[in-house]
Structures are given as structure tokens and as C-alpha cells.
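Two complexes follow with subunit A in common, the first pairing it with subunit B and the second with subunit C.
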Partner chain A sequence: MTEKRIPHTDLDGLLGRLRERGAVYAPARDDAGDVALTQAPLDDPMVLEYRNFRLSPKAFFLPQSQTLLTFCDGEAHEPSLPDGETFLVGVRPCDAKALLALDKVFLDGDPPDPYYARLRETTTVIALACTRPMSSCFCTSVGGGPGDGAGADVLAVGLEADLLLRAQTPKGEELLSSVADLLADATDDAVKEAEKRVGAAESLIAPVEVDNSAQRLRDGYDSPCWETASQTCLGCGTCSFLCPTCHCFDITDELRGTRGRRVRTWDCCAYPLFTLHGSGHNPRPSPKERWRQRIMHKFRYAVENLDRLFCVGCGRCIRNCPASMDLRTVLRELGA
Partner chain B sequence: MTPSHEIEARLRETAEELLREKRVDLFLGYEKATLPFRTTPLFLTSPEEVERLAWNPFCTTNLAVYLPRLFKAPASAREAERAPPLPTVAVVLKGCDARSAIALVQERQVPREKLVLVGVACPGMVDVRKAERALGEHEALGAGEDALGNIHVVVEDGREVTLPREEIVADACLECRAPTPSLPDVLVGEPVEGKDPDGARRQTDEFASKTLDDRWAHLQDELSKCIRCNACRQACPMCYCKECLLDQTRPRWVGTSTDMSDVTIYHLVRAFHMAGRCTECGACARACSMGIDTRLLTRKLGQEVEDLYGYRSGESADVLPALSAFDMDDAQDFLTEP
Partner chain C sequence: MARNPYLPYPARIDEVIVENEARDIKTFRLVFEDPKSAVEFDHLPGQFAELSLPGMGEAPFGIASSPTETDYLLFTIKRVGLFTTEIHSVEAGTAIGVRGPMGRPFPWDTMAGKNLLIIGGGFAFTTLRAAIKYILDPANRSRFGSILVIYGARTPGELMYKDELTEWQARDGIDVHLTVDHADEHWTQHEGVVTSLLGALKPSADNTLVLVCGPPIMIRFTLVSLATLGFSEDAIILSLEMRMKCGIGKCGRCNIGSKYVCKDGPVFTYQELRTLPTEY
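On to the complex of A and B.
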């Protein structure tokens, strides 16, 4: 595993080199004052101080609307898949880890999803370790951590004067060697400083008990808590659409005469339409069943079927719920 | 302005009395949420639990949104036979929320006799996003209110910060035309006057003074942030249709993609259906995680209805809504010859 460092002052140079290879998205402040992954103009310095982006980076791999094929007079045409490189710089470790969950769904199947696979292949993720977790963060309870590089190709840790860069994958190794002239070797002091900073961030994160969640949720399937918890759910899709691991989608044909396209769009289990049968029957008729499904999917079914929790503890669903619901409360009530 | 803790105490007393005397089956109010600057709706059925009820500057949710689902008509005759009797519900309402509740009564979605409207004179609620922005990179660990009504925040390093209420109150509250609920069964707190009731007109006039191209560019710019999560629709008390046009699939009238054509149609449809019905509570804008100004179009259409028919939604339970009523004297000069 290659470990290097780069002074903050040389970051623009690094981004410049990446721009020669493809599209670069880096943290930048938008008009409203939020830091977002932006295909920023060349003269904007990269922002290093932020908590996390409002939107998870999943749309780079699973676009919210994606044309799967076009058709015309009975002939189908597959769209050409993107082949240019994309670099995502400054993704937080929780969001990078979410990619491993999405990989289980879209790459481990037979056949793998070619659209997702191509975007995953052509995109390089440079994660930036978290130094300032929020009160809604609980990554450490779901197998992650502020300095966890899993899912990223390179993990960067911000130090006083440098960024420590750690390759996580062969793609990351290749990237670091391609810009080797900009990098210095990581010193022991740098490694120690990184450990200290990550440790400090870790200590700020309040734990949530999710051990053995699959079994506990199996036992709690008929618990009255689902009814109570779901009373407040408004049935919007904010939690899933902002969630870095929610990946359910809908496929529709858009027709104009005999021409059209087949398009895949994000969908959400909070919507009644999600499970509405052609007959008019709906197996999840009320918010209770729908809200239970969301929790069951993430903390039980995914564990049983894919051997992985489908929650990375980013807390977006908690911060952004219009009714201020908190899935940690339900997990606690169920002892999950 | 009545201090929040006094209002909270009155709400708890009221809830305790209503539930204990079994005058209501359910008391709908607010409870502290897990994160600062927020509360979560509380569905209270036992008088023993009234201590959970909270009143603070973060009681933003328009609780009227839950009323239609509590009084949902049975889907079939068979279901009607088995349906339990309708509940009696007490609900905590700010000025705007009370307008929504009355509008729902006007539109026959909720039976007035099954409601106990617990109105609270509202000093304006905090906009979470404004508050979090005002803190910059600081993270709030706790937030409360001082004697002057300003917001007292403890941040991550233990320091205390005071945010002036006026600076972080939601736009909808600043521009509220009637913060004190009209027609409540119980009114809690000293009546409050609106701060800038002309703000709404000013905003739409300013928008109307722009060129067509500029107006279109502004709308496209705002709407391009939309992720189609439906939060604006779901948070709105007036969006109660059993089947929304936007959800119909046979045929699918509106695509589900984030292409600008689909996004624009979504928002135009939503706005048009709010004409003369929106009570300007701002729930749609609050619910939007992307910070879209969802209120501009609905507000403009509300003003059109007011100008044409002298009607404002949610001000009287006995009046027919403008778009449900017909009068030979109705304005018709906007109609064009074929």
C-alpha cells in the first residue's frame, strides 16, 4: 500500500493533472453557502473544511435518470456508455463505503449491471477522512469510521500542512504513481498525526447499538413500534433519495408515437406506488409496512442476503427528514 | 409575547384535561427531536404522557397535514362496514396551520365537529437551514430560547452562541399575515401581530417586474435543484388526493425523471392545484432538502385568486372555496374570446 503526502499548496497542481485526464469534481462552496462536489473552475481552490455534502455521490454511479435504451419503429438501440474518466475528490468515508454496498447489488449479480459497472470503472474516488463529524453521524456503529478508506481508491487525511494520501485499490496505486512527481513520501510523523486526527474524530461519534440487528429485527417484525414510528412519516422520499445506499429504481418507457426511450429513475419504498400491483392490490398498504420495509431492508434483509448492512451512518435521513424522524430511535426501541 | 415555557405548560394542561376526560381520542402536538433546532410530531393518546409535549421555537411542522389521513373515507362499502368510528382529535395549530385545518374543513376532508383546534399565538418558527448556516462550520449540540425569544445554542466546543430570532426565523413566518390562529376552540398565548404581512406582495411584484426571460431563467435555475423526492407534496396539508395525478401510471402523465421538462411540469402542476388553496404555511419549502423556493408560484396564484374573487384560503369554515363556488358576478374579464 503506497503512502504519500502532498502539501496543501500543491493541491491545485494535483487537481490540474487530474483535469488533464478527465472530469474532476471537488468540494466547492455553492451560491447558497453549502459545500458540494462541483466541477469547479480551475482557479477555485479546493475547500478542505466541510462536514459532508447535502447529496451523496451515488448519482455519479446510479444517475437519477438514466436512459437504458432508445427505440424507434421496433428497433432498439443501446446508448453508448461513457468512456471518459471521472475523479471524485473529497468524498467522505461513509459515502465511499456505501459504494461497496451498491457494488453488491449492481456488480455481484449475474449479469452485472453494465451501466453501473462502466461508471464504477471510469470513476476514481479520492476520499477525505472526516475530522468534524456531526451529531447525526454514527459510522463507527455500522462498520465504518472517519478514517476508513474502504470503497475509495485513495484515502486522504488532512494534516496541518499536508494531505496524507493512501492508496486503497490498484486504481488508486496507479493514480498515485501517475502523479508521483508531485508527491513526497509519507513520514512517520505524518502517519502519526493522521492517526491522531482520525482518533479525535472517532471519539466525537456517539455509538448506536446495531449488533445482531438482523436477528433482532426478525424478532421485532410484528412489534407495535412500527405503527408508532410510522405515524409521523409523511411518505416522501427525502430519506431514500439522500441515502448513499438506497438504490431501488423504476423503469418506464417514454413513448412518442413509435419512438421513445426506456429510462431508469430512482424510486422509493415510502411511496404507495412502489408496491402497487396491476390488480390494484397493495401488499404494503400503509406507512407502517413501508417504513418497516425501509429499516428491514437496511438492517436485516441486506445482512441476510448480501452479508452487509445497508447503512453507513451518514445521518442524512436524520438531518433532512421533514418530520424529524430518527432511525436510531427505532433501532434502539427494537433493541436492534 | 408569551414565554414558550408558559405556552408549553398550558398545552400540557389542556392535553391532560382533554385526554383524561376522554373528550378527545388523540392529542396531536410536538415533542423534542433528537437533533437541535427540531421537533417531531407527537401522537398522544394517554394523559400520563403529556410531559412529552413540547413548545419551543422549533415547532415547525404543520400538524394539519396528518388530519386527512385520520379521517380517510373507507375505500369500499365493505371497508365502511368494518371501519372504526371516527376519532375526535385535538391538534396544536399555529396561525398558518389553523388556516390549513379550516381549509380542510371547507374542502370536506375533515369534520369540524371531530376537531378540537388548540391554537397557539405564534411568534415565528426557526428555519433550521438559516440557523445552521448562521453557525457556519460550528455544529449545534443543543438549542433553546432566552427570555427575549432569541435562540441560545451550545456548539461542539462547549461555547454558547446567541442567534437573534429575527435573523433565523423562516421567511414564511416573517411574512405571515395572521400568526394568531383564527377560530380556535382553545387559544394559548397572547395574540401576536404579523411582522411584515406585505412582504409576500412585495416579493411577487418584484418577480413580476422582471422580463419574461429573466423570470423563466430564475424558475429553471431554482427547479434544476429538484431531486423529485415529493417532499413538498407530502408535507403539504392541502395535498391529500387519494391518487395524485403525478402518480398515475395509466397513462403516466408526467415522467419521473429529473429532466427539466419533467421537473418543470411537476412543479407547475403542484402550483396550479394550490391556487386559492395554499395557506402559506411554508411546509413545502421547509420540507425541501435542496432549498428550492417552492412558495413563489403558489403564492402568486393565491394572490390571483384573492384579486379576482376576494377570497383567501382557510379564513372561514362556512365559506365555499373560491374554486368550488360559482357566482354570476364572478370576474370574467380574464376570459378571452375564442
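On to the complex of A and C.
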């Protein structure tokens, strides 16, 4: 594993080199003061200290709306797949880890999804260790951590004067060697400083009991907690849309005259229409069943059939729920 | 490179057959535009496909024809929602997309050497029709023991595939019993629900597998009757209906417990279904 460092002052140079190869998205502050992944102009200084983005980067791999086919005079055609490179800089470790969950569905599933596969192939993820966990974060309880590089190609850790860069995949190794002239070797002091910073962030994250969640959820399928916990659910879908691992989608057609497209759009198991049959029968008729489905899918079903929790503890669903629903409450109740 | 799993095979509807008196069930005969597609589309009874009309999207339907009917595919479709209303309005000659075959078929390897009891109710008889055609093919018939079919509908006019039912009742190698909930003055066969006919026939559970497709209420009572007759849960094979979109285990819509109906089903044994949440 290659381990390098780059002074903060050379970051613009690094981003410039990446821009020569493709589209670069890096954290930048918008007018409202929120930091988001932005295709910022070259001379902007890269923001290194920020709370995680409101939107997860899943849209770079599974766009909210994506053309699957185009129609022309009654014939269906495959759209051409993007071939330019994209670099995502500053993705938080929880969101990088979520890609490994999406990979299970879209790459490892038979057949693989050609659209996801291409975007995954052409996109390089440079994660930045998290220094600003929030009260809603619980990555350390679901197998992650503020300094976890899983799912990223390169993990960066912000130090006082440098960024420590660790290659995580062959793609990451290739990237670091392509900009080797900008990098210095990592020193022992730098590695120690990185450990200290990651450890400090870790200490800020409150644990949630999710051990053996699959078994506990099997036992808790008929628990009254589903009814209680889902009473405030508005069925708005904010939790799913912001979730970095939620991937359910709908497929619809748009046609004007003889031209149009078949399009995949994000969907959500909290919506009553999600499972409604043409006959009027709905297997999950109320928020109780739908909320249970969401939690069961992430903490039990995915563990059973894909051997992976489909939650990375980013806390977006907790922070952004307009009805203040908190999946940790259910997990705690079923653990008790 | 592997074929894009979202790209349908171009086909054409070459015949539309009205199946019932209410005229809300039609069988569509599809022919692939490219004969190569017919070879690639290698299905077994019990599987389904996504049909699409440009602009109307896709919907999943059980395949009503047997692979031994090599020149065409049949889909029997009841008019219930948006897509089915649209397809009911098209005429022969219309272009249509077919994506599939998808899902797990009836367990043909397990069924070999067994007597088969086939129980169908109403409109859900479609994939059972495919199964019967497949079994009756001269190349396949000797692989199975006795074949007993029980098929019921609300009225005589609602029975589908009437010509074939008559033909099967007249021939050897299959025993077909029909019933209707409400007879008319011409009806000479059994009157009553499917379970009443099942109770009257009392088929033996010995070395026998059961395929059951029908409305939920029929299935519920049939399962009780089958238990009384001594059929074990792993000898009963059912097919689930679930809203599906992608058909390849990704879109999440047909997820029940740790299973995806589109990939792990739609065919399940009753024993397997007992391990799933009852969200179907």
C-alpha cells in the first residue's frame, strides 16, 4: 500500500492534474454555507473541514434519473455509456463504504448492471477521513469509522500542514503514481498525527447496538415497536433519497410522438405505491409494514442474502427526517 | 459482451385471442422480429417476462406458452391497470418489447418421475397452461407419472383456453376436471369451488407434487385441503404475484424477506414460503 503526503499548498496543483484527466468534484462551500461536492473552478481553495454533505455521492453512480433506453420510431436503442473519467475528492468514509454495498447489488448480482458498472469504472473516489462527526453519526457501530478507507480508491487524512494519502485499490495506486512528482513520502510523524486525528474523531461518535441485528430483527418481526415508531412517518422518502445505500428504483417511459426514453428513477419503499399491485392489493399497506421493510432490508435481509449491512451510519435519515424519526430508536428497542 | 439486461427483444403481436365472456382476459401471441431472439429466449414453464410498449413502460407477465411451442410466445393478460388496459387496446401487428425469460421456473427436475396434481383458479391458470403443454409434449410425457388437473372459474364463460380444455379432456395421458362457482343451464360438469372438487376427487399424495396457482382465497383453502389429503409442505409448489420492475433483483420492488420474487421466485414451495414474511 502506497502511503504519501502532499502539503495543503499543493492541493490546487493536484486537483489541476486531475482536471487534465477528467471531471473533478471537490468540496466547496455554497452560498448558504453548506459544503457540497462541486465541480469548482481551479483557483478555489479546497475546503478540508466540513460536516458531511447533505447529499450522498450515490448519484454519481446511480443517478436520480438515468436513461436506460432511447426510443426512436418504435425501436429501442441503448444509450452510449459515458467514457470520460470522474474524480470525487473529499468523499467521507461512510459514503465510500456505501459503494461496497451498492457493488453487491449492481456489480456482483447476476447479471451486473451495465450503467452502474461503467460509472463505477470511470470514477475514482478519493475519500477524506472524517474530522467532524455529528450527533447522528454511528459509523463505528456498523463496521466503519472516520478513518476507514474501504470503498475508496485513495484515503486522505488531513493533517496540520499536509494531507496523508493512502492508496486503497489498484486504481488508487495508479492515481498516486501518476502524480508522484507532487507527493512526498509519508513520515512516521505524519502517520502518527493521522492516527491521533482519526482517534479523536472516533471518540466523538456515540455507539449504537447493532451486533447480531439480523437475528434480533428476525425475533422482532412482530414487535409492537414498528407500529409505534412509524406513526409519525409522512412517507416522504427523504430517508431513502439521502441514504447512500438505498438503491430501489422505478422504470418508466417518457414519449413524445415517436421519440422518447425509458428512464430509471430513484424510488422508495416508504411510498404506498411502491408495492401496490394493479389489482389494488398492497402487500405493505401501512407505514408500519413499510418502515419495518426499510429497517429489515438494511439490517437483516441484506445481511442474509448479501452478507452485508446496508447501513453505513451516516445519519442522514436521522438528521433530515421531517418527522424526527430515528432508526436507532428501533434498533435499541429490539436490542433491549 | 453480455447483452444489456434492460434491452428488450423486439417482437410483434401477431394474434389477439379473447379468452372470456367478460372480455377482460386476452391471450397475445408474440413472434420475435429476429429468429435469433427466439433461440436466446430459452424458457421453462413457470418463468415470466417483462413486456413493454414504448411509452407505456414495462410490466411482468407469466409466460403462458411452453418452450415446445417454438414459433411463438403466449401471454394471457387480464385488464386491471394502466399497462394492461393499454395492451388490451392494441391490435395484431403491434410492435412489443420482451425482456426475459426471468425467474425460477417450476422445479422440473424434482417433478420428473412424480405424479402431478395441477390446481388452477381463474386467471392464474396461465403458467399452468404452459406446464401442461410442456408435459404433454411427446418428448416429455414419459418423464412424469399420472397428471390430474383441477381448474375452476367463477362461471363457464370465465374458463380460459376452452378449446384446449376440451381437447385435453378427450385425450389420454391427462385427467382434466373442471368446476365453476356458478353453473349455467349448459354446464354439465362439477359446480362448486375448487376445493369442493378437490375433496370429491381425493387425489393420493403418494409420490405426487402439486402445482397451485390461483387467487389468494383459493390458495388459502386449497392448502388446508391438501394438508388433509396428506400432502407435505415441500410437495406443494406455488407461484407468487408481486409488483416487479427490473426483473433482475436490483430495483427492490419485489423484495420479501431476504428473497427477490423476480430472481428467487416467482415459484416457491409452500415450505419455502412459510419462512418468508407474509408480505405478498
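Quick note on the criterion: the second predicted complex is superposed on the first by the 335 of 336 C-alpha atoms of A that agree within 3 Å, B and C clash if a C-alpha of one lies under 4 Å from a C-alpha of the other, contacts with A are read in each partner's own complex, and residues count from 1 in each chain.
The working rule: contacts are C-beta pairs under 8 Å (C-beta built on N, C-alpha and C of every residue); 3 or more make two chains touch, one makes a residue touch a chain.
Keep in mind the model is a prediction, meaning the values are calculated, not measured.
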Which of subunit B and subunit C A:252 touches, first, second, both or neither: both
Which of subunit B and subunit C A:74 touches, first, second, both or neither: second
First (subunit B), second (subunit C), both or neither touched by A:231: first
Subunit B versus subunit C as contact partner of A:322, first or second or both or neither: first
Which superposed partner A:271 touches (first subunit B, second subunit C, both, neither): first
Contacts of A:260 with subunit B and subunit C, given as first, second, both or neither: second
Subunit B versus subunit C as contact partner of A:177, first or second or both or neither: neither
Common interface residues of subunit A - those touching subunit B in one complex and subunit C in the other: 250, 252, 254, 267
Touching residues on subunit A, where the partner in the complex is subunit C: 68-69, 71, 74-76, 78, 105-106, 109-114, 221, 247-255, 260, 262, 267, 269, 274-279, 281, 283-284, 289, 293, 296-297, 300-301, 304-305
Subunit B partner contacts - residues on subunit A that touch it in the complex: 32-33, 49-51, 54-55, 64-65, 132, 134-136, 204, 228, 231-232, 234-238, 240-242, 250, 252, 254, 263, 265-268, 271-273, 318-320, 322-326, 328-329
Complex interface listing, subunit B residues touching subunit A: 33-36, 38-41, 43, 61, 65-66, 133, 137, 139-141, 156, 227-231, 233-235, 247, 249, 252, 255-259, 283, 286-287, 289-291
Touching residues (chain side subunit C, partner subunit A) in the complex: 2, 4-8, 10, 52, 54-59, 80-84, 95, 97, 216, 241-243, 245-246, 248-253, 255-259, 277, 279-280
